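Common to both upcoming complexes is subunit A, partnered first by subunit B, then by subunit C.
The block that comes next holds the complex of A and B.
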């Protein structure tokens, strides 16, 4: 089994809104609103993430609710992201080789959302854990998607090489 | 010279390794370095020096022996004193002409008097002789050979994180790491050597505690190469770089042992006392049979026992000090070793073959003549230390010269940076442990773990460093800098020639500029300067070693990097259609579509003619695509673009030019009004990300009631253009295609929601079709299928550049530069100075009354022009002076003429004026200034509606 598994979930329904009225508008749609900026909440079959103060991403079947008529101060955001789910024992090493954020220092119980750069590409990341292994969801602009996936899989492949430094007993 | 097994030795005697050096076969052990294996095999000449090609051996055995660099296959400059021995290695010394034994470069030593200090400056001063010297220096200098066929290594770079980073695995660093970890901090400890323990591989209990501690991660064979803001320290490992972000840094980097300066102090066999101890304890190598120890501190006496235990005969201890403390003298008495206090080595004498020290001449310090010869095959120097402080300097530490220990020590440390051990001026073993504990505790407390322990570290009772370990000699060859073969007289001459400040002296003499970066020469050099100028070392000061202060392999620096690449949703379709790709900023775009049997230019011309006479389709999804909504959306656009948009009717578009605050054109695009409070607009391909950021910044500042959404990646876009374009589109859309030029409509194309904008960039009836990215490929396929009957061709960037040039349309960034104003770019018509405000307006007002520097004009070469045509960036010449430059030029198949755009001085811009353009070969061609557009000047083709 590969040390890091990649799952492309780009086809999952997703929608977004932004603007000063976005939080109230979402609440009026009976969707939960993450209280803290850069945090997320689970939805039935999906999630809602608050990106900064006034932007929201809804993924899963509940995304359809965002087709409702807009209120003042609410602007729709067309989401055409490349979306990935990564998990595996070597995921943290992959993140260390591609991103300057210390994901292991995050408190997952606060459901953090990280807006950062990975391999030079702007990404939104939700780190997590599943089955005792680290995992994360990553969204990026779909025009970077092919290159981004190629790059991450390339780095992940190197991590599995016996000669890679991370396989020689040194960890950080 | 291999010793019986030593306690804690690093070699594995069960693993012999065969290797070759200079063509001869040798055997070492797993755990050896190249240098230790050679020394154990009786090889003491490991290389030749840089300038005079003098024999050199082991000096530090601590990764600083730059005269023992070797070529290992395709890898140049392998450090023999630090590189682990591997089976099958085939090594040669670098910097030899021929072999190490028969190095033709050795004759240079005889020409020393013709190679004075500042030789480079003096040689290159003559312009006439410059080429001669350059050829000579290029032939004679340089270390190692670069193998151009060497495959690129994708050496990884990675990030790392910790609370406390401890640099240095000696006693103080070990104790600092333990103290910090015990208080709860996550600690990373790095050491440049293969194992922890410090310069003499002691402190084994501490090492065990550290390696077993759950909160301490250890990086050995790793050096901290620099310090960057916010405690960011690159850790260079053998196979990767880790960019370690710490919350606090403890510098326990120790000190570099310093050489004494006397004639022939570079002969193989003369080494630091710590080097001798490393050879003995780590590699079980006896460094010499009979040695003289040159001492000036307690460290020398502490090491004697190890030398005796290794079976070395210590012929004498020569101590530079007049007064040697009784406890140190008693060591000698017990070992029956003669002691010469207040004495120095005046000269080392070589063996007959010149490859090793054979004796030393000893005299009283300051005495006029040597008095005693002592036979020996080794000299172990222990006369002082220089702090390994580059990280501290780079972190912004204020250092001061401490007369008590004769070294620079930290005076004021930056927040979160701590120092301990020898680098902190603490040399006594017990005190170093205490100092480490103090610093580690303080660092942990800085990060919020526990409270800082109150630990008092006793001051040094005597200086571990001699203030003047330098002996002059009339015949010279008393080296201060082993990297550059700089002698005492060289520095004295440099000072006499006026280079009497540390920075000037460094550059003029090149002291400290070799591969070891002055680790063994800077302190003695500044002492020489201080004495010559009547200053103190503290007043002379030091130079700062910039990061990376220790050489980093090119494989690391040029290792894996990320260069992101954007691809539109139609990328695979373009590839299938034969696209030849070109980068356009971060995007990949089809330059043209290759057709078997046709040249590049023929393909491009064919694509252009398809648009002119039939129909073509180009992917313009790389344009920036933004949306702005809200009651004040129009007001926002009024402020950021130079034209007016408040009055733009719903359903219409308008060309848009953006300036920065200095009135320079930075971007252009098209603004479409979809509703009173809703605009959709495009930016240039290269400006997409930057313009979105800039507009977001303005929106934050202005707090207007509107919001901007970046749809660049979310929308695919394509431009269908040509006289047959409408026929192609008609069957695929529900939009009435009689809508006028510059209008925008929303509807469907191939069943997909789409925005259609009538545009004229390429000068034919054309529609930009914008659809959600997920549908881009389907819509492209549908258009291409519908266009088959009309001879549709996809066209690439080059055909588009030609077509727009025929229309005289400029490309921002190609036909403008970082100083171009709208007026200069012939965009005056777009500037609406009567608006209350727009970005750049005040600057344009300020220059409005001033003469225009240059003007963009169209030009044409004469009909039937033969020979080469100008190229982009060729210069316009007027009376021998530069009067402008060509920004765009192409052969127009529609007009059968070379056409172009050029900036010229304002006085030359009149239509009909003749321009002279200089080609690359210096020849001149003439062109005529003409009105644009070159093609369809009344724009009838793009405007037609039926």
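The block that comes next holds the complex of A and C.
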């Protein structure tokens, strides 16, 4: 069994808006608005993330609400991301090998959203934990998607090689 | 470097956007002043105000950087008119 499980959830409905009027417009749609930049809130069957100061991403069935007519100061953001869910005991090692953010140092209770570069690709990451193991959701531009998944699965495979430095002194 | 929105990140996540230089009014300034703005750059060492972008989030901000010591003094979001 692989130490890191990959699930491609790109087909999950998602939508985005940005602009100075975006927060008020989202609130008027009866969606909760994350107060802090780079944080997220759960929705029934999905989530809403605040990316930076004035951009929002909604994923799941609630994304359909963003089809409402836009107000002044609200602009649509095309979300054709490659979206992945990664889960497994070696996930933090994969993240440490591919990007410069130490996800273990984040306080998950604050529901952080991290915009960073992973294997050279700009990504949005929501770290989490499930079943006592780290997990995360990752979105990236879909034009990088195939290469990005290949790269991450390649690095994940290397982590499982017996001679890999991460496995020195590790027993199954 | 510290992005004002995303926090401290590796320098590889940032792109340089050039020194912040006030643009003279092209309809009233002299040709010499306009040519100086378009073609010349100030290469003297010192603390410069520069545009930088955190590329994964496309966040543009201002960095004050001491080009003599290559030290970033501080970073902040641009507060001017937009």
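We take it that the second predicted complex is superposed on the first by the 169 of 172 C-alpha atoms of A that agree within 3 Å, B and C clash if a C-alpha of one lies under 4 Å from a C-alpha of the other, contacts with A are read in each partner's own complex, and residues count from 1 in each chain.
One rule holds in what follows: a residue touches a chain if its C-beta (ideal position, glycine included) is under 8 Å from a C-beta of that chain, and two chains touch if they have at least 3 such contacts.
Quick caveat: nothing in here was measured; it's all calculated off a predicted structure.
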Contacts of A:151 with subunit B and subunit C, given as first, second, both or neither: first
Subunit B versus subunit C as contact partner of A:104, first or second or both or neither: first
Touching partner for A:13 - first (subunit B), second (subunit C), both, neither: neither
Which superposed partner A:77 touches (first subunit B, second subunit C, both, neither): first
Partner chain(s) touched by A:32 [first = subunit B, second = subunit C, both, neither]: neither
Partner chain in contact with A:116 - subunit B first, subunit C second, else both or neither: second
Partner chain in contact with A:52 - subunit B first, subunit C second, else both or neither: second
Partner, of subunit C and subunit B, that touches more residues belonging to subunit A: B
Contact residues of subunit A, present in both the subunit B and the subunit C interface: 100
Touch list for subunit A against partner subunit C, complex: 37-38, 51-53, 100-101, 114-117, 122-124
List of subunit B residues in touch with subunit A within their complex: 154, 156-162, 188, 217, 219, 237-240, 242-245, 560, 562-569, 571, 587, 621, 627, 629-631, 705, 707, 709, 711-715, 772-774
Subunit B-touching residues of subunit A, taken from the complex the two chains share: 18-20, 72-73, 75-80, 93, 96-100, 102, 104-105, 119-121, 141-144, 146-148, 151, 155, 158, 163-165, 168, 170-172
Subunit C - residues contacting subunit A, complex: 5-6, 9-10, 12-13, 54-57, 59
